[in-house]
Structure formats: C-alpha cells, structure tokens
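Each structure below appears as structure tokens.
Here chain A shows up in two complexes: once beside chain B, once beside chain C.
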Partner chain A sequence: MGTATKTTLATGESVVGAVTSRTVLGVTAATVVLAVACLMQWVAPGGAVVGIPVATLLGGGLAVAGCGIAVLGAGSRLGYIETTPSRATSLAAGCVVGMLWAVSGGVATTVAVGGGDAWLPVAVVGGVAGALATVLPREDAGATLPAAAVIVGWGGAIAASGGGGGWTWAPAWSSAVFPGTEIVPVVAVGGALLAAWSGASAHAGFGAEGRQAGAYALVGAVVVGTLSVLVLLVGFVVLKGITPVLTGASLTGGTLGLPFVDAAVPWPTLPFVTNQTGGLYVTIPGVFPALVGTLWLVFGAVVAAVPLGIGAAVFLTEYAERGRFTQLVEVATNGLWSTPSIVFGLFGLAFLVPRLSGGNSILVGQLVLGCMLLPLVLLTCREALLAVPDAHRDASAALGVTKWQTIRSVVVPAAMPGTITGVILGVGRIAGETAPLLLVFGGAPYPSNTPDVLGSFSLMAQPPFVTNDALLAPASALPYQLYTTITAGVFPKDEFTTAAFGWGTALVLLAVVIGLYAVGIASRRYFRRKLHHE
Partner chain B sequence: MMRRVKRTVAARVTDPVVGVARSAREYRSRTGDTAVAVQAVICGSLGAAFVAFLVGSQWTVFPAGVFLATTVVGWRREQAATGKAVTFLMTVGTVGVLALIVAFLLVRSVPAVEHMGVGLLGRTADPLWAARDGGVYSLAPMLVGTAITTCIATVIATPVGIAGAVFISEIAPPRVRDVVKPGIELMAGIPSITYGFIGLTVLNQYFYAEFRTPTIGSYLAAGAMIGVMALPTVVTISEDALAAVPESVKSGALAMGSTPWQTTKSVTLPAGLSGVSAGVLLGVGRAMGETMAATVMLTHTKGFPSPVFDVFSQYGETLTTVIAFEGGNASGVHMSALFAGGVVLFVTVMALSVGSQYVEWRMHRKLGGET
Partner chain C sequence: MSDTPQSEPRRSDDRSGADDATAAAAAGSTDAAAAAVSSKTGGIAGPPGGPGGVDGDEPAVARTVGESDEQLQDAWTDYEFDGDAKVSVSDLDTYYGEERALESVSLDIPAESVTALIGPSGCGKSTFLRCLNRMNDRIRGARVEGRVALDDRDVYGDGVNLVELRRQVGMVFQEPNPFPKSIRDNISYGPRKHGDLETGLLARLLGRDDRDAERDLVERALRRAALWDEVSDRLGDNALGLSGGQQQRLCIARCLAVDPDVILMDEPASALDPVATAKIEDLIEELAEEYTVVVVTHNMQQAARISDQTAVFLTGGRLAEYDATDAIFQNPQSQRVEDYVAGKFG
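And now, the complex of A and B:
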C-alpha cells in the first residue's frame, strides 16, 4: 500500500511533489479550521486574525491550495513529478466538478451582468466544459486542473469580497436572507474539501492509490466533523451547566451526622443535586425530586421489561421451532423497537392511564418506559443466547441433564453478560426519554417534595387490597424537568435564571446517561476481552 | 376436475387442523398430567386477568393472584413445565404489546375519522386546525412538516452515516475504532430533550440572527438537529451490515491486487448494500418519530410553506410535535385527531421497519448466512 509513496520520495525527483502536496493539505486543514471558527462565530468574518483580515486568510488559503494542486497536476502531466496516474478520472468526480463549474459560472455571470437570464447558458456551458475537462484528460491533469480552477476562483472571490460584510442574497423562494458573512465560510469549507480530495489524490501519486487517498481524506473529514459535533454538544452542556450545578457546592461545607455517637463530620455538599426544586425554605433550588423520579422510572421499567424480555428470548431461542411464529415475534419486536416514543405515550394514555391511575402517574410512566425497553432486552438477549455455542447444550444433554435444567444453569448464565450490557445501554436510552412522560407521567413544573414510594404502600379492605398513593401520583423526572423548565418560562427562585437552571438540569441528566453508557460500554469490552482470552 | 379442486380446498382447510391436532397429541404424550394442569391454570388465569384488566374490573387482582400462586407452586413442583409456559406467555406478551398499541390507537382515532372524513388527511383550506365551531382537524400541514424535517434529516444522516460506517468497519485501525464507535453510540444516548435545548438556544438563535428567519425556529434548524440524532442509527446498522460481509469475499478482492478502497467501493459496499439501506430506512424512521427536539425547536404554527421547500418559513409543526405539545390538555375529538396522527406515524414507521427487515433478510440469504 505504501510502496508508491515510498518510491516517489526515494527517487529524489519528486521531493518537490511531496512538499507541495503536504503544503496543500496543511493549508487546506488550516482553512477549514478558520472557516468553521467563522461559522461558530468565534471569529468575525469581517475581522482579523494576527493582523490579517479573515477574508484574505480564507481566500488566500484556498488560492494557495488551488495553485499547489495545479502545480502538482501540471508537474505530473509534464513529467517533472513521478506519479502513477490512470488513464482518466472517474465519471462521478467529473459530475461533481462540472456541477461546481456550472454554479460558479452562473453566479459569476449574475454578479457581473446584474440579473437577467444570462446565467443559464453560461452555467450549462461551464458545467459541460468542467465535466469534460475533468473526464477527458489523463487522471493527473483531469483530477487537478479543473478543480484547482474552481478553488482558485472561489478563493479570489472570497478575498475580494472582504468577508462578505454588507452583502446579502434574498432569493424569492425563501423566507430567510442569506448574508455574505455566512456564505463565505461555507464556500470556503466546500472549496477546502475539494482541495483535500484532489491534494490527497496527488499526494499518493494518483492512480488507484491516489483515489484511495482522496476517498479516505473525505471520509476522514466527515468522521472528524461528526466527532467534533459530539464533543461540541457535550462540551457546550458542561460549560453552561457547571456553574449552576456547582452553586453552593463545597467539599467540606456539609455535615454528616454519625450514627450512635453524637458527632458530625464535614461532608461534601452539592445543593443542586440534593435540594428540592420548589418550596419556601429552599435557597438554592435543585433537581432532587427529578433525580429520584428518574431513578424510580428506570427501576420500574427494568423490573417490568427485563424478566419479560429474557423469558421471551429464551422461549424463542430454546423452545420455539423456527417458523411463522418466531418470524412474527421478530417482526413485532423490531417494529416495537422502531416505534416512535410518542406513540408509546399515546398507548399508555389510552390503555394504562384509565385502568391504573386515572391520571398521570409514576406507575404508568414505568410501564410505558418498560414497553420501550422490552424490545431492546429481547433483541440483545436473543443475540446473546444464539451466540452460546451448541456444544454447551449438547454437552449438558449428554450428561443426562434435562432441557430446562440446561437452559437454567448453562445457556442463560452464558448469555447474561451480553444481556446485561444491552440492558444498561437500553436504560441509558430510556432514562433520557421525555415524549411519553409528557402524556402519562409529568406533574407540577417545580415540585417541592420527593415521591415517597417505599413509605406509601397501604392495605385496604376491597380489591386490589394494596395501593400506593405515591406510585399513582404524577412526579418529575430529569428530562421532564428540563422540558418544563424550557416551556414554563419564569423560574420562581432568584438564585438561577430559567436558562441556568435548565442547563444545570441538562448537565445532571447528561451525567446520568453518560455514566450508564460508560458502564455499559466498559462491561461489553470487559466481557468481550474475557471471551477472547478463553 | 371439480372433484380435485374440491379435494385441494378441503385439504387446505383440514391440513392446519390436522397439523394442530397432531402437535396437540404429541404435546399430550410428552407432558405429564400435573404439568398439563399447571400449564393450563397458568395460561388460563393470566388470560382471565388480562380480560378483567381490559374491561377495567376491580376483580383483576383475583385471577392475577391465581396466576402468581400457580406459578410459585408450579415452580417448586413442575419447574420445567412452568418455565416453558411462563416464557411462552412472555413471548405472547411481547407481541401482545404491539397488538394493544395498534388496537388502542385505532379505536381512539375513530371519532376523528368520523368527524372529519377524508379531510382529516387531505384538507388544505383554512381553518386547518381549530377546536371551536365544532372543531376542524386536518393533519395535512403536519404531514408536510414531517416530510420536510425527515427529508432534511435524511439528507444529512445518510451520507455522513454511511461514511461513518465505512470508516469504522473498513478504514479505521482498531485503536481508532475503539474511540469512534463508543463515541457514535454515545451520540445516540444523549437525551433528545438535550439536543432540543441546544438547538433552541444555539441553532434557532443562529438562524434567526444571521439568516433573519421570520420566527425563532424553522424546519431547517429542527431538521438538521434531527439529522444529527438519526445519524447513530444509520452508522450502527450499516456498520453491522458491512461487518457481516464475509472476510473471504474481501480477501479475494484484495488478493486480486485491488486497493482497500477499491475493495470497499466495488465489493464490500455492494454486497452489504441491503443492510446499509436497512440502516438508512431505520434512520428515516427514527427521524420521523423524533419528538422532543422538534417540539422544543419548532414554532407550532400550522400551515403550508410556499413554495414547499421554503425551510425557513414561519410554519413549524410535525405529527410528533403536535401530539407532544397538545396531548397534555386535549379531549374529545381533538384528542382523537391526535391519536389519528399517531396512527399515521405508527403505520409509516412500521412500514419502514418491516421494509428494512425484509432487505436485511434478503442480504443475509444472498450472503449465505443464517436468515
């Protein structure tokens, strides 16, 4: 794989090529970073970085990258740089470059002439010319020169526009107006991606290796972008939420009364997590009721769904003949898995609420979330059961153990690790579920007391003989709390603004979910490693 | 001729009966009397408890108690028989949940259908949605809204998701994969309300301030956020599909001298294409059913953007958001209309799910694996 690159470097003739292509890739990466910073409004598109206007940097970056690519292409075509080009560039690349030529030509005509219908023929001619220029010549010229023309053109336009300040585009079909300050960075990112593809292809010396490098560059850019979005999301919540969560927190501020001896020791406090949300005497409102509500919800859902899911998986895998019935169950389970959460809420509202509590309640919330967890438990447990080698079952049967005993003491224990992992990941998912809770669960927006489920069981003389007022009453949960905070508007306490309390809640919720995911993924890796070492 | 037809018809009717009778005989010969009794009581009592619960009877507790008692006794005396019966009931229960969802959604949406007729889905004249004057409920604007957000989300999630799957399955070295894969899974785990809160405070404000959208909140912002949320589904399922392509197929291509990318592009991706499209279909289903982010970010103004691809208009309502937003304090025909919206949503997502299972099943059959 690496031989082509090695030879080009080793021959010494192509040092120019290697240096140029590296420069192109470096400049491209820097341009993307700057453009994204513009989009994120960390840098003003009309402003300056280290004394140079941003527009000049963006446009200059593109122009340099484009020129570099042109040098690489021309150098390779004229024989100064040793490469291994194919006979022609792929048709797909031709289409993309042709499209870009068409757009560039059309836009340039519109700007130059100032409206009218002149842009259409120019765009068509430009598109065809661009596509042909890409597809017809040998690959080293086709994959570089037309693309470089686009990149240099865009770079020049950006540099000349001065960052697009004061210029806007208001098409008739859109209610929105597109300002130049936002179009410029987007164009810069697009141009840089094109440059990355072409530059990477040139860097690997064109040909099959070059196409691989170009494709990997694009795929890599996409993956890096995705992960950056994830990091930005999590980082944003942490950044915004850490202040409210840490309000009044200290490592030694609280006291812990020791049992049996009449003494107290300093103890860490975290009022945001341990305080009530509403109530008269609360100075720092917290999310304790919501946290407890979420714990009860998750507990109830697990109790309802896990035995059901495991039992069904055992029956499907061990007892049922493969046929219509198992197929039906599989289709139903996969269907349940992809059923939208709000539909589960409607189901709970129509079926469970009138029969169990007559209104929003913890119990219905637990059962509805249990229904959502059920397919996941079933699917993961079934997968784990199928992964248990038949040799285990046969060995057990050969020892004269009955089928049920085999299932109980051989098959199910072997499948437990996989199932537990699946359950933990599923719990992480339902812990953050909000939509069904709106319909069947939620209570007051700022609760001043925590549901006391354990202490509320009471017996009575008529059926169903045992009841639990706390379980049949609405409560709050972390995601529900966040929703009510967003929608309720004014926050009743002075300590936080609505937004600050919302970000704090979001951070606690995120911590709970990420914690569950971390445990789930870590246990999966642990069991997998253990399995491989056996 | 006639007689033969008759015989075939008769066979078609009697064959299943004969089959059932035969399996019943086999079951009877293999199972002891006590076991049969235990299984019968378990199934019967649970069935009775379900019926009692369905009609809302306060006596539900008695058959449920019988069920529990029989299960406990059976567990000690006839564990194998009890275990089989209980796991069977659990399987039936799983299918039952789906059946109950279908039944209750349909039953509760009947009043809206009676009230609005075809207009429930097709009415495009004002008023579109009003509780006064006997009530007018047209789901048409929500259908358009759902279509718009789903399209935007799909356009974002599909190419990025497939690229991510290719990266994880084919390109990334193990060390990188160990970071990227949990990262993508974590993306699926971030609660949708958190996505919504970020979208509300960042994306909506950004489009409002920079692109001067008429309202804070637009289909584009919500669709983009939903696309990010649907991304992990596409990645995970497509990656499974690519990993399921037999190693021998890939090695064969590599041995022919093709580069890894040529192998991916011309061998692995085409072979796993059904699985990848199954992932895309499920991702579309996820995007369609996504509720909280859209509820928080959209404007809840019902109407048709003109032209229809004007994703910045002041309108913003989808099937999911209208249910989540109005479901808390709706009643009568209004509530029934929301249930009808739920039916449309459920049927569409179910069709996507079944479709994706079908293409996946076909792929496994083609690759010669287990179905």
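And now, the complex of A and C:
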C-alpha cells in the first residue's frame, strides 16, 4: 500500500463512503450517550426525548448505524467505494461476532418458541455461521456485514421492546431479576461498541489502517469509560456531601482576631469542618475531631514507617548480598503488603494495646497503620535504589568517598522521588483505612473535643520521662466516624440526618486524601527538579 | 628484568599462521608455550602450575580471530625511562571468579606523563586500570595477585586506607557520570566528604563556613579542566544539563578537585563526538605536566597523539609490548602488536 496511491474513504474521492462512515460514527456516539443517560436514570427508558420514544431512538440509532456499515461494506466489496482491505478479518473478530450471533440466535429462539431446548442448536449454528461469515470473505465484507446484521437486529429488537418497561429477565441460575429498562441500554451500548469498531475500521478504509482505527475506537471507549467511572464516583460523593458540608458556611461570617493589634477581620467559616461533633453547645455538628485524628494517624504512621522502610531498603540493596536472605525478605514484604488490614488490627489489639496504652489509643493506631505502610515504602524504595545507576556509586567510590557517605549523599537522594511515590500510594491507602481502627483506635463516635496531642506532652523525673495522655487516649478518625455513623443509624443532633452527616464526612475524607496526594506529588516534583534539570 | 637481552628475531612461521585459528595451531602453541615455561621460569608465559596456567590440554593464550600465535617475550615489555616510577606493577594476576582477566602483567609507569593502554576488547586493559586504585575490590568475585606499588608503597598491602588511595589515584570513567547535583556540588563533593571543606547550616552557625574556599576550589578545578569559561555563570545549575563533552570535563574537574597524583581514565572520550574528544585530548596532554595520567583507549590514533608511552594488551590479559609510543607505532617488536596497530585484528 504505497502512500501515493493510498485512498481511504476520508480522502474525499468517494464522497458517499466518507459521508456514510461519518454518519455511522456520529449516530453511534449519540446512541451511546443516550444509552448511558438511560442507565444513569437521567432519561426514563420508557419515556420520550423531543417527542420520540427513547426505545425508538436507541433502536433506530443502532439500525441506522448497522445499515450504514452494511452499505459501506457492500459498496467496498462491489467496488463502488475505494478501500484497501486485507484478505480476511482477524480470527479474534470472527470469534466475537460469532459469539454475538450465537447469543442473538439463542435469545431470539427462546423468545419466539417460549422455552425448551430449541435455542441450543440455533445458537450453535448461528455462532458458527457468524464466525465463518466474518472470517471467510474479504475484510471489507467480513468486518462489516455480519456485524451489521447483529447491530440492526438488536436495534430492531430494542425499538420493538418499547424501552423494556413491562418485562423483566429472571435467569434460572440467579435469584436476581433484571428489569428490561436496564437490559435495553446495556444492549444498546454493546451494539454501539460493535458499530464503533466496524465503522471506524470502514472509515479508515480497512486494511492495516482500518484495524488500527478500529482498535483506537475500542481503546478510546475503554479510556472514556474508566474516566467516567472516576468522575461519576467523585461527582456522586460531592453532590451528596456538599450540602451538609456547606451548612452554615459563609465567606465573611466569621472573624479572625489579629495578633498584637486589637482588631478582627472577616473570615470564612465552614462549621462542618471546624466544629466539634458532640457537645452541648454545638448547633452545627462538625467533623473537626475526626479530621485532626486522621491527620495525626497519617503523620504518626509516616513517621514510624518511612525511616524504617528506607533503612531496610538501603540495607537490602546496598549492603546485603543478593541471595536467599534478600529473596526471603522480599517475599515476606510482598506478603505483608497483601495482608488484610483487619489482621493488622487484630495484631495491634492483641500485642500493642496491652503493652502501650491498655485501651484504644492514637499511638497504637499510628503504629498499626505504620506497619501497614512499611512494606510499600520498603518495596518502592528498594526499586528506586536499584534504579540508581551504578555509575554514581563508582564515581563516588573513585573519589575516595566511603560507602555510607555515598549512600547518604548520592544514592538515597537519587531514590527520593520513587520512594515518595510509594509513600503517596501508601498514605492514600491508610488514610481511608477503617478496619484496624475499629479494633485499636476508635473512641466515642461523636467526640466533643479534639485530641490535643501537641499540648499533652509532659515531662517527669522517673521513666518513661515523657508522657502524652492524648496519644494514649482513643479518638475519632474520618473513616471510623463514617462507619459508626452509617452503622449506628442514629445521629444525635437534629441538624443533619444520619445519611447527610455520613456523606459530608465522606466528602471531607475524600478531600483530605486528595490533599495528602497533592502534598506528596508536590514534594516529589521538588525532588525531581533537584535531580534533573528541568 | 631490564638486563634481558633485546628481542629475539621473529619466527617466520608465526607470520604464516596469522589467519589460522584451527585446533592444530592451538595445539602447536601449547607445545611452544610449555617449552617457553621450562626455559624462562617466571616469564610472561606464567608460572608453571599456577592457576589458569598452561596444563598442556588448553591453548596458552585465548586469541581473537586473525591474531597470530607467536610467543610473547619479556624483553618486549621492558621500557627504560628517566626518573622514578610513579606506579610500579609486577606480576599482576587478576581473576573474575575462575576466569583469568590479567596474567603476569609487569610494568612501571613514569611520573608526570601520559601512558596509554591499548588492545582489543576483553584484553584486560580496563581491568588493569581498575587494579591501580583498587576499584576491582567493588566487583564481587574479583581477586588480585601480585604487587602494585604507588610511590613504592604497596597498594594491596595490609592496612592500606582505600579512601586515601583513591584520593591519590583519581579515576574518570567511560560514560560521563556526574552526580545529579549542581555543577558546584559536583566539584566540591569529594573535598566536602573528606572533611576538607565544611559547608552547610551547622558550619555556618558555628562560623566555620568554607564557602570562599569552596568557590576558589570550584573555580580552580573548572579552569584546570578547561570548563570554567563555559559554566562560570551557572554553577548552581544541575550538571545533567551539560552536554556530553562538558559532563566529561566536569568529571575530570571533579577528580582534580581532590588533588590526586595519578589520574586513571577509562576510555574517557569514547562516548563523545569528535569536537569534544579533541578538547579532552588537549586537556589530557596539559594535565600530564602536573599529573601522572594513565589512559585506556580503543582509539589507536588517540593513543598515538596524546601518550608518551604505550602498553599494548592482547587477548588473554597479557601485556604484549610496552615502550615509548613512537616505538610501538613505528617499530613494534611483536608481530601481533604490529598486526593490531595496523588494524589487522581487534
């Protein structure tokens, strides 16, 4: 396929083909949007959009796309549209289309006959026929016509179903009952994906370019799907939580006393975040104690785990001979990282609590979370250390610098960005950790005071010389509070319902985790800047 | 060794076997080597019964294809020079595990000159270089036998301080390997770690900040490495932002900053373009006025241009010939060296 003679549908030489393929892709995209809207229940599948029933729109969209694909394929095969097809469609595509034919045939038979075993031979014959029809002909026919048949068939069925309002599917192998209003949009999305693959392939003129375009269409759909899951999740939490979080908030409602001068300036207030949860005089209960508890937990866990993790990684990478021992440590570390968090909690409850605080406490929570963070810090730091080029170590040794000084001034700084990545991931996990906190950390679910860790240090003449009552007392953390709120089911204040308070807590927790990410990413950027010229 | 009579005439049959690497030739060389061992104990052929030595069932010397199988002679490695030897190596054997990388290498390196080490790939010239400042200690399984003396003190003796040794014998590597730090920090790294310079917060608080001394040192080292004019306005920039040639000169400056006596260079220009290479070569010649420079190079023209004396290593880790550079390139005594210098193999 020389570039000089290359003609695709999009070059304008075959206007019919270009217009048709663009129409197919446009209609397909519109169908997906509408189907997703149905799934999200933004549009009722039985309802109507601009006066046309949704089912008709979905089915019609698929039918139009399918017909367009068939026109493209047939036109290309018969020589009316110039393309550059390969000799045959890929076997994988044949399998997929064959499977779709089998399913379609089986379902159609069941619906038509109304049960019995007739569906099986139909499905087998249909599947084989579909696969052969895809694989045997030249690519322009094989990649379009069998797929178009499926798409048009599904489109017709959807249009005929009237949106699936009146029927359900209760499969014998499951106790679940699927309403037709959910099945219809899912089928529409599936058909649209098939249409997107086939249409994109046709649009690029089949052949190598066509396969690439088809793959891009599918990969792009996956990316959009992943991103939309993320946006949906965050958006849902924000929508549900923003009302309780903003209760009583104002931009200028508060005052900030200036130090040294006897004056005050207006200041934003956000009572949900800054107020105590319980207490007599709190009108708008807030999550401040839990927020502070979470930050202390994360801080303590990082302080406990990061030096240990980096130290162990330095030993394993720089000092230990690579062999049985390091392998054993590696396996143990991986195992530790995949150990369920409740097991860590149980360990804390049975081992740390009796020795340190005699009851639930912040300190034990910090240590347990630190234990959970440790393996990830170790693994990522070890990877980062291994990635530091030996040239740096050689250069330093050749200058007569000792090994330890080399590690401290060259190797570990060069491994910092990678290590911080590990800490970021680990902190993201432990900040939202609930299970171990239930066992070793949690106190009153709606505390009326904030743990004053900094102010509680006191010195004494006998061992242990320093004590901190706040560290040894239980507290509340955001995920813990969320759990207790939702499971307890009764929120003591009138201001919020239980669910509203829970969603508000969830939103604050989300914000805290994203904030910690931001801090981590900023410090990683700082170290990268220092290491590389940017 | 210096009283050994000068070269025996080359054997003509060796020339005829120049392209012959068959088993017959190898077997023949084994016999000849055994004879050489019996006649010259402790010679280049290796001590009898020594590890990896001639047992009679394997060739005495592994060869590159195209190399002739003549016997090496002690006399070819005798090089007379005025003044004392800065580095003196005798009967050096090096092993990586079971594999022998250097075999009975003896040579004296004169002070304040450029000594080039050339030879085909895998001939042990880099290994030899790394023996001089004990960088081979860093390779697991490496074992060194023999004597390396720096100013008549045994480098491999008991109680040698590696830090002190490597301050005196600096090294520049094949790939430029500046630290991912600023240009200034790269230069002052060695002295700071040795405690010759105190910088940083604590030093400043205690009033012992050597920032002026650091500035002087950085400037001196960079000027010496002919890099000052190019980077004087951006000493705080990351060294990785420099070009390859500049990075290599920075590495040389970094090495000079700890004030060594001997500078070892392992193919310092092989990763650079011709312009940068020319700069490095000029620099090496200048450095030889003050320092003893030992350069491993793959490039024979380079060796001819910059060095005062040249040592040719041949496959198998043996020193074939060591002499003034002119003599090596114009009138080599060994046939194999002549072939190698003429580009017939290697």
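Here are a few things to note about the model shown:
Here is the rule we go by: the second predicted complex is superposed on the first by the 491 of 534 C-alpha atoms of A that agree within 3 Å, B and C clash if a C-alpha of one lies under 4 Å from a C-alpha of the other, contacts with A are read in each partner's own complex, and residues count from 1 in each chain.
We take it that a residue touches a chain if its C-beta (ideal position, glycine included) is under 8 Å from a C-beta of that chain, and two chains touch if they have at least 3 such contacts.
None of these values were measured; they are calculated from a predicted model.
In the superposed model, A:499 makes contact with chain B only, not with chain C. After overlaying the two complexes on the shared chain, residue contacts for A:238 are found with neither chain B nor chain C. Measured by the number of chain A residues touched, the leading partner among chain B and chain C is B.
In the superposition on chain A, no contact is made by A:118 with either chain B or chain C.
Contact with chain C, but none with chain B, is seen for A:389 once the two complexes are overlaid on the shared chain. Once the two complexes are laid over each other on the shared chain, residue contacts for A:402 go to chain B and to chain C alike.
When the two complexes are overlaid on their common chain A, residue A:229 makes contact with chain B while staying clear of chain C. Common to the chain B and chain C interfaces on chain A are residues 402, 405. Within the complex formed with chain A, the residues of chain C that make contact are 133, 135, 138, 162-167, 170-171, 173, 175, 177-180, 189-190, 193-194, 237-238, 240-241, 251, 254-255, 258.
Residues 389, 391-402, 405, 409-410, 413-414, 530-533 of chain A are the ones touching chain C in the complex. Across the complex, chain B meets chain A through its residues 53-54, 56, 58-62, 79-80, 83-84, 86-91, 93-95, 97-98, 100-101, 104-105, 107-108, 159-160, 163-164, 166-167, 171, 180, 182-198, 200-202, 206-207, 210-214, 218, 228, 231, 258-262, 265, 282, 285-286, 288-292, 295-296, 305, 307, 309-314, 320, 323-324, 327-328, 338-339, 342, 345-346, 349-350, 352-354, 357. Those residues of chain A lying in contact with chain B across their complex are 1, 41, 173-179, 181-182, 208-209, 211-212, 215-216, 218-220, 222-223, 225-227, 229-230, 233-234, 236-237, 307-309, 311-312, 314-316, 319-320, 328-347, 349-351, 354-355, 371, 374-375, 378, 402-405, 407-408, 425, 428-429, 431-435, 438-439, 442, 462-465, 479, 482-483, 486-487, 499, 502-503, 506, 509-510, 513-514, 516-517, 521.
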